[in-house]
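In the two complexes below, chain A is the common chain; its partner is chain B in one and chain C in the other.
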Partner chain A sequence: MKRFFKITFTILFVIAILFLLQRLLMPKYMTDIHEGAMIAEYYDSPKFHDVIFLGDCEVYETYSPCIMWENYGISSYVRGSSQQLIWQSYYLLEDTLKYETPKAVVLNVLAMRFAEPQNEAYNRMTLDGMPMSLTKLNSIKVSMTEDESVWEYIFPILRYHDRYASLSGEDVTYMFNKDSVTFAGYMPFAGIKPVGTLPAEKPLPDYTFGELPMEYLQKTADLCKANGIELILVKAPSVYPTWYDKWDAQIVDFSAQNGVSYVSLLQESDTIGIDMSVDTYDNGQHVNIYGAEKCSDYIGNILSKEFDIPDHRGEASYDEYWGPLCDEYHMTTEAMWDDWYAQNPDYSRE
Partner chain B sequence: MNLTLDFTSYNFIFACGVFVLIYYLIPHKVKWIYLLLASACIYTLSSPVCALFLFATITVTYISGLLIERAKGKGARTLAMLLPLLFDISLLVYAKYTGFLLEIFSKITGSLSEGRAVAVIVPMGVSFYTFQSLAYILDVYKSKIKPEKNYFKFMLFISYFPQLIQGPISRFDDLSREIFKDHPFNAKEFAFGAQRVLFGYFKKMVIADRIGILVNTLTSDTETYHGGWFLILLIFYTIELYMDFSGGIDITIGLSRMLGIKVTENFLRPIFSVSVAKFWNRWHVTMGKWFRDYIYIPLGGSRVNLGKIIFNFFVVWLTTGIWHGAGYNYILWGLMNFAVIASSKLLDKPYAVVRKALKLEGKKWYRFVCCIRTWLLASLFFTMFAYGSLNNAVNAAKGLFAGGSLNMLSDGNIFTCGLTLRDYIVIGTGILLVFITECIEEHDAGNKPAAASDAVLNRIHTLPYPVRILIWLGLFIAVILLGAYGRGYNAASFIYNRF
Partner chain C sequence: MKKNVIKTIVAGSMLALALTACGGATEETKDYSSAFTDDAGNASAETDADANVDAADETGADASEDQTSADRFAFTYNGTKIELGASYDDVKAAIGDATSEFTQNSCAFDGCLNMYTYGSSFEIDETVLDSGEAPYISAIYLTDDLVSTEEGLSVFMTKDDAVSIYGEPDEEGDSYIKYKSGDSVISIIFDDGSDTIASICISLDEF
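Moving on, here comes the complex of A and B:
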């Protein structure tokens, strides 16, 4: 019996040491590349969302849940991440459904252009934040590029082992608890860089979406249908990278065939009031806070009126959460603009 | 699942963990069948085509054993030995040397364009399992062993996966006795095996693979890295090979030991060798014994006149070179070893007189000088492996003795070849750790080097339990954190896998 306890204690001790090392070595994304911390943040939020947004940077930089809350009382969360691929969005939805069942899912379609796994660094930002589950393993399996290993996702210490040489105070400070880097998944960007000259539109040899993204778009539609969730496909108003008309037509066809909605904020830019001389911080690739607030109001209005997403304002449990969050959101975004205008005196706040 | 016979691949490591666990949960009677299935499964998954080569060698060799035993008359017996022997050798030659032979043929006849690529798959470990098969046939022929009647047991002897791809080249009587005996769980043996595996990974992943980054840089561009860089390569490549091969052997022997199977030692601290001949008694021991038993002794060994002995040396080292690879560089490497060993034999008596006159015998400093000399000679020869050809090696050595050829040590260029100061510190510390363990083992070994492989393990075993755990946990963490594996590093397969 003594030997049994000795061995058990040893195994637990070794596991504990490895666990601590792994926590220490994994990147924290707190002072830089905040995008890596977004996916994990969802699990700390209260699970009472009526709308879940899924997709890449066009999602987490375009839709501000605080604006939708303030204007329409919609409780939403943005589960976006950098270069989130369609199959990753599907598995994030599958994962989300373990915690809550929203009334609507809004999926950005820009990632339909990717027919195969792309980039390990982006994969990590989407996958590392998910808790280990069969859903995560499936997502890893379909997302991995050729030189990746599933074991490095299961045991991230194998991936980040050589970070020992570049550890900083951040790694110790945020070993167990991290700060919030978004506002319900929205990451605000202050700054203005008007659309200038865009690269010429490159003709493609084939505009047909790949089999893999189409398969997962269909699976997403089926999953939503099976759970009584409205699926709304969206395209953010970014003018670059190019969103080809032939791509758009395929999304229109898909939505018609599957009875799901498609809202192209790109085509509705004028209606929304997007002005790419002031509403973008990077030459039209993404909208800044100004643009995001316009888009959020626009999509919030659609969600509220066309999809009957309820207004929870006045309900204590919601107000307790959204009130302070939105106050902080405004304080933060104001401060960000103050900083930016201070550094860019050529621009005026008017 | 992409399972390959690569000790450093994640799939192999995790599959082995599960494999060992199940091994001790199943009854003894079926353990060997389980081992066979695992071996067949890993090899077939690694490469189905290569598995066909292995299967052919096993089947022909097995039948040969039975036919030799049943053959009546010396002629029939010799034929039963000779034909399968030629078949196994032919397979080896076809798989490994076709391209090289065609290249030679084309140079002689001019019938093929020079350097024509020949697409022949080289089965993993073909040199190892073919030599094991040849030894079996010859041992049965010489009635040293009884042929194995059970085909599947024989199949396991040849395909036993821990030693399949880089040896040791086990003899049938040694390995079969170990594989088929009862293997009750023995905690101490299991722990010693696991510790040896861990130390093997330390040598391979922390030291060898890290040095590999430097070696690859230096050998890939001899126009840039020549002169003093040749010396850097000479020093580091041998250390890489040393750590890589001994690390792989540690993993093989340790893994086998975890299964309760003792495999022949194959690497006996060659750093303490006082001559090139003795170096090869300690480096890849089973290969050296194979050439001794099946080539050198049948040719007459040392019981013939001096001229014949020298000729025997020549044959042994020529075949040893060819065994290592299909290329002139390997042949040249063999001949370099031959030249030193033969000249040493020829000058044996004058050397003895000089040693006696100068009273060098038994002097520690003289032994130390001999070790250094041997190491430098072996390192020089190994540059044939590293550079791939004499031309490349000569090009790299150009300007070696010019002034300022070692400026890379002072001007910081040494840190521009893929390794940082931190890497050199890790390598240096790792080498020191391995050297200390080898010193302890050599000290305990006395005149019986093979007996001391547990010297360090036994010493650690006497320490209090928490101290032991901290030592092994420290080594485990060192492998995890300092190992040159994963993204950012080019995964390096074991160098001896290529031979």
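Moving on, here comes the complex of A and C:
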């Protein structure tokens, strides 16, 4: 009996040590590359979202849930991540449905251009933040590049063990608890860098979307349909990388064939009031806070008017969450602009 | 009993330390490819020593260092040979400033792709790693018939011209052909439904 306890104690002790080491060694994304912390943040939010946004940087930098809340009373969350691939968006939706069933899902289509897994660094930023489940395993399997191993995702210590040489105070401080890096999934960027001369549009050998993204776009549409969710495909107003007309036509065709909506904010830039001389911080590749707030109001209006997403303003449980979050959002974004304008005196604040 | 507890703790700690130390900071592990992609959705070739993901992932050499440039396709402009893997600063010193420049930043990471356009004739792409390694030329696009490849192929020529110059392609699709040399590739793209060359891209193989 005594021997049994000894063995049990030893096993539990080793597991505990390994668990603590894993927590210590995994990247925290708190002081740098905040994008890596976004996916995990969702699980701490209240699960009363009527709209879930999915996609890459064109999602988490373009749609601000606080603006949609303040202007339309829409409760939404952005489950975006850097270079989120279409199959990863699908599995994030499947994962989300374990917690809540939104009325609408908004999916950005830029990632349709990726026909195959891209690279581990981005995979990690989307996959490591998900809790272990069959959904996560399936996402890992389809996302892995040639040199990756599923075991290194299941037991991240196998992947990160050699980070011990570069551990910093951040790794200890955020070992168990992390700060929030977004506002309901939206990551604000202050700064202005107008669009100049764009590189020439380069002809492609083939404009047809790959089989893998098409398969998962179809699966996403089917999953939404099966759960009574409106699927809305969107393209952000970014002017680079090139969004080819032939790509756009395929999205239009898919939308028509599947009875889903497609809103191209790129084509509607003028209507939205996007001015790429002030609404972008990186030559038109992403919108800044100004641009994001315009886009958020535009898509919020569509969600409210065309998809009947309810206005929850005045409902205590919603107000208690969104009120303080949006106050903090405005304080933070104002401070970001104050800093930026102070460092860029050539620009005057209107 | 106390001795056994201590033994257990020591054994557990040693196992943990062994696991932590295996591989070590100097071990060559996988490299992460670029944090940005070209228009075609292809990840570029450079390693991304993303300290936050894995500080020990220092493969050392980038694509430009491992290969000799002798086998690579190149492009000559006004007597200056522009080679893949070379420094753009050196090229610029010889051929002058670009007409326009554009930087494609990576999402989340610090690396970027600088695109230097020379009129309507050609574009030189420079990959900048966030590992601090020297930036290098990773692709050259020829976009009009004022310039041609070293072997004499230019935009608006035909597929037959390409085959007569380079031979049978290493890879062929409905609207493109590719030739490989060393770790470089020349991709020739045709106008829709025709054999007329619309674009020529000389790039490192992984690009």
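Operating definition for what follows: the second predicted complex is superposed on the first by the 350 of 350 C-alpha atoms of A that agree within 3 Å, B and C clash if a C-alpha of one lies under 4 Å from a C-alpha of the other, contacts with A are read in each partner's own complex, and residues count from 1 in each chain.
Rule of thumb we're sticking to: a residue touches a chain if its C-beta (ideal position, glycine included) is under 8 Å from a C-beta of that chain, and two chains touch if they have at least 3 such contacts.
Since this is a predicted model, take the numbers as computed values, not measurements.
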Contacts of A:Trp151 with chain B and chain C, given as first, second, both or neither: first
Which of chain B and chain C A:Gly36 touches, first, second, both or neither: second
Dominant toucher of chain A (residue count), chain B or chain C: C
Contacts of A:Ser166 with chain B and chain C, given as first, second, both or neither: second
Partner chain in contact with A:Gln118 - chain B first, chain C second, else both or neither: second
Touched partner set for A:Arg23, first chain B, second chain C, both or neither: neither
Partner chain in contact with A:Tyr240 - chain B first, chain C second, else both or neither: second
Which superposed partner A:Lys219 touches (first chain B, second chain C, both, neither): neither
First, second, both or neither for A:Lys178, with chain B first and chain C second: neither
Doubly contacted residues of chain A, that is, touched by chain B and again by chain C: 6, 10, 13-14, 17-18, 21, 120, 147-148, 157, 159, 161-162, 164-165
For the chain C and chain A complex, residues of the former touching the latter: 4, 8-9, 11-13, 15-16, 19-25, 27, 29-30, 32-35, 37-41, 43, 48, 50-56, 99-100, 102-105, 107-109, 115, 117, 120, 123, 141, 143, 173-176, 187, 189, 191, 198-199, 201
Chain B to chain A touching residues, read off their complex: 10-11, 14, 422, 465, 469, 473, 476-477, 480-483, 485-488
Touch list for chain A against partner chain B, complex: 6, 10, 13-14, 17-18, 21, 120, 147-149, 151-152, 157-159, 161-162, 164-165
Chain C partner contacts - residues on chain A that touch it in the complex: 6, 9-10, 13-14, 17-18, 21, 25, 27-29, 32-33, 35-36, 56-57, 82-83, 113-115, 118-122, 124-125, 147-148, 157, 159-166, 196-206, 240-242, 282-283, 285
